[in-house]
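I have placed the structure first, in the form of structure tokens, so that the comments after it can refer back to it.
To keep things simple, chains are lettered A, B, C and D as they appear, and every chain counts its residues starting from 1.
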Amino acid sequence: MAEQDNTQEYRRIYTLNLGPQHPSTHGVLRILLDLDGEYIVKADPVIGYGHRGHEKMGENRQYKQFLPNASRLDYLSGMLFNHGFVLAVEKLVGIEVPERAKYIRVIASELNRISSHLLWFGTYIMDLGGFTPFLYAFDDREQILDILDSVSGSRLTYSYCRFGGVTRDVDYKFIDMTRAFLKRMETRWADYDDLVTKNIIFIHRTRGVGIIDEELARQYGVTGPNLRACGVGFDVRRSEPYEVYDRLDFEVPTGSSGDALDRYYVRFKEMQQSCRIIDQALDQLPGGDFLTKKVPQKLAPPKGEVYAAFESARGLSAFYLVSDGSPGPYRCHIRVPSFGNLNVLSEVLPGTLVADAISILGSIDVVIPEIDR
Amino acid sequence: MSEGLLGSEWFRLILGLLIVLGFASLNALFLVWLERKVAGHIQLRPGPMEVGPHGLLQTIMDAIKLMGKELILPAKADRKLFFLAPVLVFMPVLVGFLVLPFGPSMIIRDMNLGVLLVFAFSTFTVLAILAGGWASNNKYALLGAIRSVAQNVAYEIPLLLAVMSVVLMVHSLSFSEIVTSQKSVWFVFVQPIACLIYLISATAETNRAPFDIPEAESELVAGFHTEYSGMGFGLFFLAEYTNMFIVCAVATSLFFGGWNGLFGISLGIPGVFWFLFKTYALIFILMWVRWTFPRVRFDQLMNFSWKVMIPLSLANLVVTAIVLKLI
Amino acid sequence: MKVKELEAIMLEKFPDAPLKRDETGLTGALWSIDVPISGIRDAAKAFGSAGFFLESITALDFEDTFELVYHFNRYEPKSRLVVRVLCGHDQVPASICDIFRGAGWLEREVHDFFGISFSGNTDLRALLLPEDADYRPLRKTFGKVSAYHKREEIYG
Amino acid sequence: MSYFKEIFVGGLSLIEGMAVTVRRLFQPLVTVQYPRKKIPLSSAYRGHIELKIFEDTGTHKCIVCLSCEKTCPSGVIQVEGVKMKEKGPKTATNYVIDFSKCSLCGLCVEICPTQTLQYSREYELVGETRSDCVIDCLARLAKQVEKKEMETGRQLGQGDGDGNV
């Protein structure tokens, strides 16, 4: 009798292979779900489908040759990673960056952060079944891409920052376009509020779903908006200000319960804060060089190491470079935020519905190629 | 002799069936085009533009492409059921056309149980969806099929209760009688709650967003028709849009006065145009809703039905009955 | 927990390797500590109870030894801490995946890339590499390598 | 009571959402029917690299220093050259890029000592085989020079013409 019960129990639970090809896994992610009906019993994310060996490539390349790689780690915030890598090398070699370049980098980075969040916003609502906000968000994102295109010449993998500055100075056209974008967004937030934030269906789909509390976040090293959603105001831009972030006035939005709705709020408010940062940075933008002339063609950093953290759109990211004095790093390790953010899924998913799994996966905003490296 | 043939019931039926088949297919193709256009313009893009003027021929080309595609049978699928399901899903939808009152003299078969017939047959589609989902031997398809059954059972009840309030007022299940009694006042003004309940339940019945959980694209890939390709998929698609037309046509005749003009003013426009205009307006609203909202979750959908829709429709029915008795 | 207390605890546990403070912060970490391979778990426990979270685990491959580098951080300004563990090419360090649950994946990644096994981590399946990968790509013996140093050549 | 309130507030929020979408229905479209209508490229656009035509010489100024070839992270560029005179720089005889490997970082353009490299404004690139991605920059330059001469109606570069200034 007992044996029969066991076999029945065995049959109750079945495995669903969510991905690697699935409409809403944001890259090539596969999650092995053990299901009881529609309830998830066990979740095991399987990653590595997009492993390109960036870290090994880094060891075999000169510092500047790694520049194009940096934006390809997290292709949605290419400017931020590009910026972060340049920061690391500048710290390692000890290059002074002109003030103007610092401001330009901050403006470009924050624009990129908004574009990344807008893409997340669109795809998240699409994961929940609403298609239209996705295209509105892309319409706005297109404005950012145009702005960044006008200065970096590229729309996704910018490769804009250089050691000691940026490749190209910004002009009045860039400033006007950015100002126009900020003005445009002021009216768009209200539309997004009406269309999504206040929507009863949306609220029901996200409230109390996929709660990551502070202790769980600490255990898994969850950072970025996902961490701030559970009430911890931890932001690298605040805790270790790089470039000119300490001179700019912005808030670090936090949530309280750490559910999908709070993560949504935090990212939504972050976009508005980024707009504030850009606005101030444009006001303060000084004149001068945009690229220091003192950088040698062949970098020869002193022996040693550097761990340069920066806040990407998804959280705390860092480049860990070990130099042996040669023009390329001895070891190049990249700390990516999505790694911890995805890792936590195996503990958040059990007990939820399949539909919630999609909602949670969307709300933590992972970029799989960033994890796979 | 010829007059006898023209007037005979059989001739009428066959002619009707032919017209229905043609109309249903063309209408579905048109609706797909309309849906893409509405979606496009809501999203600030033009929608299909390349094939024909404003992309009008796009869906016809798509249909031809679908017919030319191979029907793929998944491994270990139930062969008979797999191919039967698309046919099963399409046939009952066609039957609904038999009793739809397009105009005062444009009913193929004016039955005194017309309303019942439409709903009896539209319930049948859920069986086909279940069969298709089960036969596909795919977990996503099965999940979609199971969801579909639960959803249809839950929403059938408020749907029929809402219809019941109208039937109580007219004392008839015949479409033409229901429409005729709305000559001066449409029932939407008398029964606004029943109308709202009907429209919401009908959206759920036809598996349209925000209630499209059986095919929830972002969760279940394509739900019950994940494994269907070619015309198998085409028939599911056709059935979905035809079904949409039917529920909107029924809504038109139950609540929006069918072929009657507003408050008895017909402006000299033939009844059939009034009917079609109102039906397409309702369809437009369904599309508008679809391209605005995110999808509800399965358990919330059931909650909404059992905790809100059914009590509300029951209360509405009781109030209707009491008021009718008092009058 | 205050920094002083943490320093005291670490000094008690590892008397010959005190917590070093790097005021310049040029390397990105404010404190660093060299922990013997047997002391990883003690150190991790101390940091865990002091409210640290694990930022990353990585390894460096030198000619004479592996070096495991753990980066811890707190939700406070400038409090990154780096733990260095020398780990011979054939040594097996202890896993800390029960102290920091997120460490499991990080250790799997190090196992993938360097072939370092962690005792106590039961799930060391390949994470980023294919399931059947039998190579360790970030070892300096794999593929194209520009340099292979001894540890003291870099850290002196 | 909260039950009815939620239904009411919820219903209202849905109507607000529908108001947003229906407003869009009457707004001008933002998309462009691409092959028929094109958006102007930004002035900073980075296409694949090409050799610049200098007005004074009527050709490029490549001195085959191989800086670009060495700095390229992906080994895209292949340059060969010969010495035309005893003294002075080499002249390029072969300048080929394999665009399928290029990641458009722009390091080659920045490092070029004679500034003879520039980004082309070509973006409608298509190839059926890998070899279609290989671009012969010298041949491309020759065509551009020819075209420019046709347009202006005069011989370019009345100077020495072999790349020396």
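Here is the rule we use: contacts are C-beta pairs under 8 Å (C-beta built on N, C-alpha and C of every residue); 3 or more make two chains touch, one makes a residue touch a chain.
Bear in mind the structure is a predicted one, so any value in this text is a computation, not a measurement.
Per-chain CA centroids place chain A at a distance of 28 Å from chain D. If you average the Cα atoms of chain A and of chain B, the two centres end up 43 Å apart. Centres computed as Cα averages put chain B at a distance of 63 Å from chain C. For chain D, residues that reach two or more other chains under the stated contact definition are 14, 17, 20-21, 24, 30. For chain B, the set of residues that touch two or more other chains comprises 42-45, 291-293. Chain contact topology: the protein chains form a pattern that is neither a line, a ring, a star nor a complete graph.
Two chains count as a pair here when they touch; such pairs are A-B, A-C, A-D, B-D.
Partner chain A is touched in their complex by these residues of chain D: 6, 9-11, 13-14, 16-17, 19-21, 24, 30, 42-46, 71-73, 103-107, 110-111, 119.
Note for the complex: chain B touches chain D at residues 38, 41-46, 49, 288-289, 291-293, 308. Taken in their complex, chain C has these residues touching chain A: 26-29, 51, 53-56, 58, 60-61, 69, 71, 73, 75-80, 82, 100-102, 104-106, 113, 126-130, 137-138, 142-147, 149, 153-156.
The touching residues of chain A, when paired with chain B in their complex, are 14, 16, 22-24, 38, 125-132, 135-136, 139, 195-196, 199, 201-202, 204-205, 353-356, 358. Remark: chain D residues 7, 14, 17-18, 20-22, 24-25, 27-31, 33 touch chain B in the complex.
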